[in-house]
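A, B, C, D and E are the chain letters, set down in written order, and residue numbers restart from 1 in every chain.
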Amino acid sequence: MSFAFYLIAALTVAGGLAAVLLKNTVHCALALTVAFAGLAFLFLQLDAQFAGFAQILVYIGAVAILVVFAILLTRGSETPKDGGIFSRTWLAGLAVAAAVFAMLGWAVLQSAPGLPGATPEPTVTVGDIGVALMGRYVLPLEIVALLLTAALIGAVIVAMHEKEGGK
Amino acid sequence: MSALESSSAIKTEKLEGWNRPPVIEPDGEGELMEVAMGPHHPSTHGVFRMDLALDGERVIRLKPVFGYLHRNHEKLGEGQSYLASMPFTDRLDYICSLTNNWAYALAVEKLIGQAVPERAEYLRVILGELTRVQNHASSIGFLIQEMGASGTPLMYAFREREKILDLFEGLTGSRMMCNYMRFGGCRVDASAAWLDAVRKVVAGLPGFVDEFERFLTSNEILMARCQGVGILRPELAVNAGVTGPMLRASGVNYDIRKVDHYGIYDRFKFRVPLGDHWDVYDRYMIRILEMRESIGIVEQALKDIPGGPVMDQKAKIRGLRPKPGEAYGRIEAPKGELGFYLQSDGSPNPYRYRVRPPSLINLTILEDMCLGQNVADVVLIFGSVDIVLGEVDR
Amino acid sequence: MFETADQIFVLLKHWLVGLLPMALQPVAGVVVSVAAIVCFFPALFALTTVFERKGLGRIQNRIGPNRTGPFGILQPVADGIKSLTKEDIVPLSADGAVHFLAPLVLVVTVFMGFAVLPMGRNMVLADMDAGLLFYFAIGASTELSVFMAGWSSRNKYSLMGAMRAVAQMISYEVALLLSSVAVVMISGSLSLTKIVEAQNHYSYGLPHWYIFTPWGLAGFVMYAIATTAETNRSPFDLPEGESELVAGYHTEYSGFKFALFFLGEYLAMFSISGLGTTLFLGGWSAPFSFLTWVPSWFWFFSKLMMSIFVFIWLRGTLPRLRQDQLMNFAWKFVLPMCLLNLLVAGLWRFMGDGWLRWVICSAILVAAYVGLGWEEMRRMHIGARSYRYAE
Amino acid sequence: MTPLAGYLLVAALLFAIGLAGALTRRNAILVLIGIELMLNAANLNFIAFWRYGPHPEALTGMMFAIFSIAVAAAEAAVGLGLVIAIHRHTHTTDLDQINRMKG
Amino acid sequence: MLGEGILKGLAETAKNFAGSFVSAERMTTVQYPEERIAPVEAARVFPFLVYDGADWEAGMRCVACQICEKECPPKCIYIEKSKDKKPDALGKPQFYPAKFDIDVSVCMSCQICVEVCPFEAIKMDNEFELATDDRFGGLLQDRKQLAKSNEYYHTIHPTEAAEVDARLAAEKTKAAADAAAKAARPPAQAATPAPAQKPAGGGE
């Protein structure tokens, strides 16, 4: 395990924590981008260049901006006046999350000795990914394309202004 | 509408559609954003403030706030002699000081019944129309500057304006604060060399207008920004007292040069361009077309300018004590009807001195033009009104 | 001899790195290349500011800056000293941390874009397999810094400018990507060095640049439009439209932070012009086969500077669009054109050699342009007018 | 500890953080942020398993991650669209107050 | 077609860009401190007091009649009349200004003082570099600073000055003739002759 891994992992986790803990929602969104960027770097560490760049392009370039826009459109950056930022049942939620982490961590650590160690770097080019997408995975690709189109249209319709008469 | 066509028969009482400005309802949810545009804003032509209420980028309310540049011009005029007010009129609309001089001189001449020599009238026409050319050039330059054109059209306009200002300097001794006209004529006579210089400059002006038109008139971005933006309906324009190119761009044929027959304008052939779409593009084009007409008038005037004195020998400049009475002198200034109202009680100072500034009155209609438009259009519409704040606030 | 001139920077780097012990050499190689980029492009930026001001001046029949140093060449030094010594003002209600980070994020992300640009033969910092994708990924993250700047300033003009900027950059990024995809389709690679190599051969002494094909020309025009919008240059400079929004998202920035924004914008302009050069103008390849002896980096930077000049020219000529018109233009004109261009590029690929594909591809594109343009004008209700006169 | 275990632990931690955020925050957008984090944690697992798995050249994990990124983008768009629509209707994004299916 | 107008505009700016290197018609910039345009003859900036002869105090034409002070629109002239009298150019005893100050920061270069002066004593200078870093004293010019010789007047406004000189010479000969006549006749009339009405403020 290299130093870079620990650094990036710490950055990612810190970004994730900040994203769910900070008071100001815009700060949360910005912290989220830090977490996304950290994940992208982890992907690069794992020699998944294409996935890493796709992560930056989609998550930082699109999703984060979308989140920010949604926050501004809903004036969500103003912290609620009544009560805190956490829901009334926050304790239960935290307990569930802690339990899930404990279980996952236990499972990973249990199986850790049996996990494969360092393997040679896979030689996968973008060309290979393209060929795979157009070959073996062409059906999922088409389905995802359809899904994206449907989601695009759906999101537009959902967020579109309601007509005056429609109310 | 047809009643509006004939200039002499504007009937305001029969017009419909005049009531309070249409109240625009915000269509989104959420509250309005209040923005104070100015007094320190790059495109308010000085110190002027517009309090905007925006729904997104759409203007819901606009409140113009005047008076940051108030200089007490009218009260000053009541406290000093008739002559001493003349240089102050230069500072009203500092782009066109000569037409301000002219309107004031006209008012005083009416008050004292003073005739003006023939040559002085011709000089006044030449200078007035040159003023109109340079005012329109710089005003459309500013308009397109406000559209974000990095100053290029403005620089071209100013390049030509400089030539005209050089002429003004050669004759009157000053480029902008000309202080040239007097009651009963003009201060100094124009030499033959100066008239030749005018001929040379005027010969070059149509080329400039052509260049400007090639440069921008058919530009798609300019058309997209200006066409259909800031519509001012003729009824509203007439009722609000809007005059000048603004009114003519709204399709109303009303040019004081034609209506009031002041000076010697009856001797010149010129046409009055009218707009049919009442929007910013019409205001831009009307100014360009008026520049062409003005150039024509100057050419005619230069052709048959007579000799003779430029000042009535009997005219009294200093120690003027008009008989009690009142007079209103108005001219078609480049920005609209510029009028001076003077009331005399027989003393050396006017008893009442009042300016009808076209800039202010054209600006009062700003909110009606801006409602429902994009915030970026506000500066454009504001620019198309063509104001000088020295005249608005006086 | 010509070979040495061509590779002079590469040789220089190897010589420098060779001075170091063996263990440090891989790291040192990267450091030297990064240092070269980080030093060279800000210098080019300084030069470009004078170039732009003088060019704009000439377009406007002025002289431009000529007081600082010979021909005003030291003007950027004066500007730099001024911005460094200016007070750094942070509004009281601003979000300090974000306000501080925004210019840094902009400059850093923009610098990262240079990593994949081949600036000459063998002159590329990271010859990535997915170089183009990297570039767009990095380019997409600059939007965030703009948003950070506008939002953290707590100024209405800033926020409006930032929202305009983000909306505009997202819209035109689609066009930017789609117009580049045509190149990827033909060259069959996302690697920018391979794309240049694919264009670097000649027939009858003329190069096979992609701009000299119908789909390449159309793609280049669309790319240029999207580029102008992406870098917030006139006529798409609404986010900082000084006549409406004072200065848009950097209204509340002063001193060095403002200079960083300025730097970031120009660097973005360089890198995106460099990418356009690489994609459509043959990158570092010479325009004629008999000129191949001229160093490759010379060609790259001359093409870059030509693009910069076009930016300046456009800025000196055109007024600014309005927000809704800008969006309409992006989605209803540029995007359909880009999609059609993809189709045409496919046609081109599979029609084989011969004059027929030239005719068909050109005809489709010209017809689409005329049709869409006419539709655009009709939708905006614009057109030439005639005026009547009252006698 | 093998590298794979390290990545898996980071992914588990991120997943838990995302889950905690989704379960405890009141703001609907932040709940969405939590869900995004969970999705990303899953992606990290896929990539890590692809990298250290027996057949990296089969690209299975990588493909899954890529498809997951695409689907997550769609999810974010629709989710945020819904939040905006709900906000327009109820003028709040507070999930404690949005507790009825009927407006 | 879409883009036609834009291309036309681009051609126009390209023409100007190229033209600015070759044509003086386009490149109208004058680089001020090094290059200067000679001021036009009619230029008016700031008034000065004309004196004849070599001694500025003795030759000053101003008789402190205070008309310009009264007529000045921004009221920037301040005159104090002398207690004693001294002979003017015609040899007649006249008052002279004990104090004659003009405030540079208030004066608006309107030339009305010149127009109303019956004695051709105040004229407009074309010196325009009047800036000073002194906020108070430097902005107020006293009569010594204002006094400039008739020869100087001739150099800046030759045509106008020649006319003025001719007019003054005519007055002088008339005064001399009057004096001769007066010498022949017993003195009866007022000393100062009424100033002739000047045409149009002394221009041209």
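As a working rule, a residue touches a chain if its C-beta (ideal position, glycine included) is under 8 Å from a C-beta of that chain, and two chains touch if they have at least 3 such contacts.
These numbers come from a predicted model, not from an experiment.
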{"item": "Target chain E, source chain A, minimum contact steps", "value": "2"}
{"item": "Chain at maximum distance from chain E, centres defined as averaged CA atoms", "value": "D"}
{"item": "Middle chain, criterion being Cα centroid separation", "value": "C"}
{"item": "Dominant interface by contact count, named by its two chains", "value": "A-D"}
{"item": "Centre-of-Cα separation between chain C and chain B, whole angstrom", "value": "44"}
{"item": "Whole-Å gap separating chain C and chain E, where each centre is the average of the chain's CA atoms", "value": "59"}
{"item": "Mean-CA-position distance for chain D and chain B (Å)", "value": "64"}
{"item": "Centre distance in Å when chain A and chain D are each reduced to the mean of their C-alpha atoms", "value": "5"}
{"item": "Interface hub residues of chain D, defined as touching at least two other chains", "value": "88"}
{"item": "Where chain C touches two or more other chains at once, by residue number", "value": "59-62, 316-318, 377"}
{"item": "Residues of chain B whose C-beta touches two or more other chains", "value": "152, 156, 159, 215-216, 218-223"}
{"item": "Chain E-facing residues of chain B, complex", "value": "80-81, 83-88, 90, 152, 156, 159, 162, 169-174, 177, 179, 182, 185-189, 191, 211, 214-223, 309-311, 313, 317-318"}
{"item": "Chain D - residues contacting chain A, complex", "value": "1-10, 12-27, 29-30, 32-34, 36-37, 40, 43-44, 47-48, 50-54, 56-57, 59, 62-63, 65-67, 69-78, 80-85, 87-88, 93-96"}
{"item": "Chain A residues touching chain D - in the complex, by the definition given at the top", "value": "1, 5, 9, 12-13, 16-17, 19-21, 25, 28-29, 32, 35-36, 39, 42-43, 46-48, 50-51, 54-55, 58-59, 62-63, 66-67, 69-71, 73-74, 76, 80, 83-90, 92-94, 96-98, 100-101, 104-105, 108-109, 112, 115-119, 122-124, 128-129, 132-133, 137, 140, 144, 147-148, 150-152, 154-156, 158-159, 162"}
{"item": "Chain C - residues contacting chain E, complex", "value": "55, 58-63, 66, 313-314, 316-318, 333, 369-370, 372-374, 376-377"}
{"item": "Complex contacts: residues of chain A adjacent to chain C", "value": "24, 26-27, 30, 33, 37, 49-50, 53-54, 56-57, 60-62, 64-65, 68-69, 72, 125-127"}
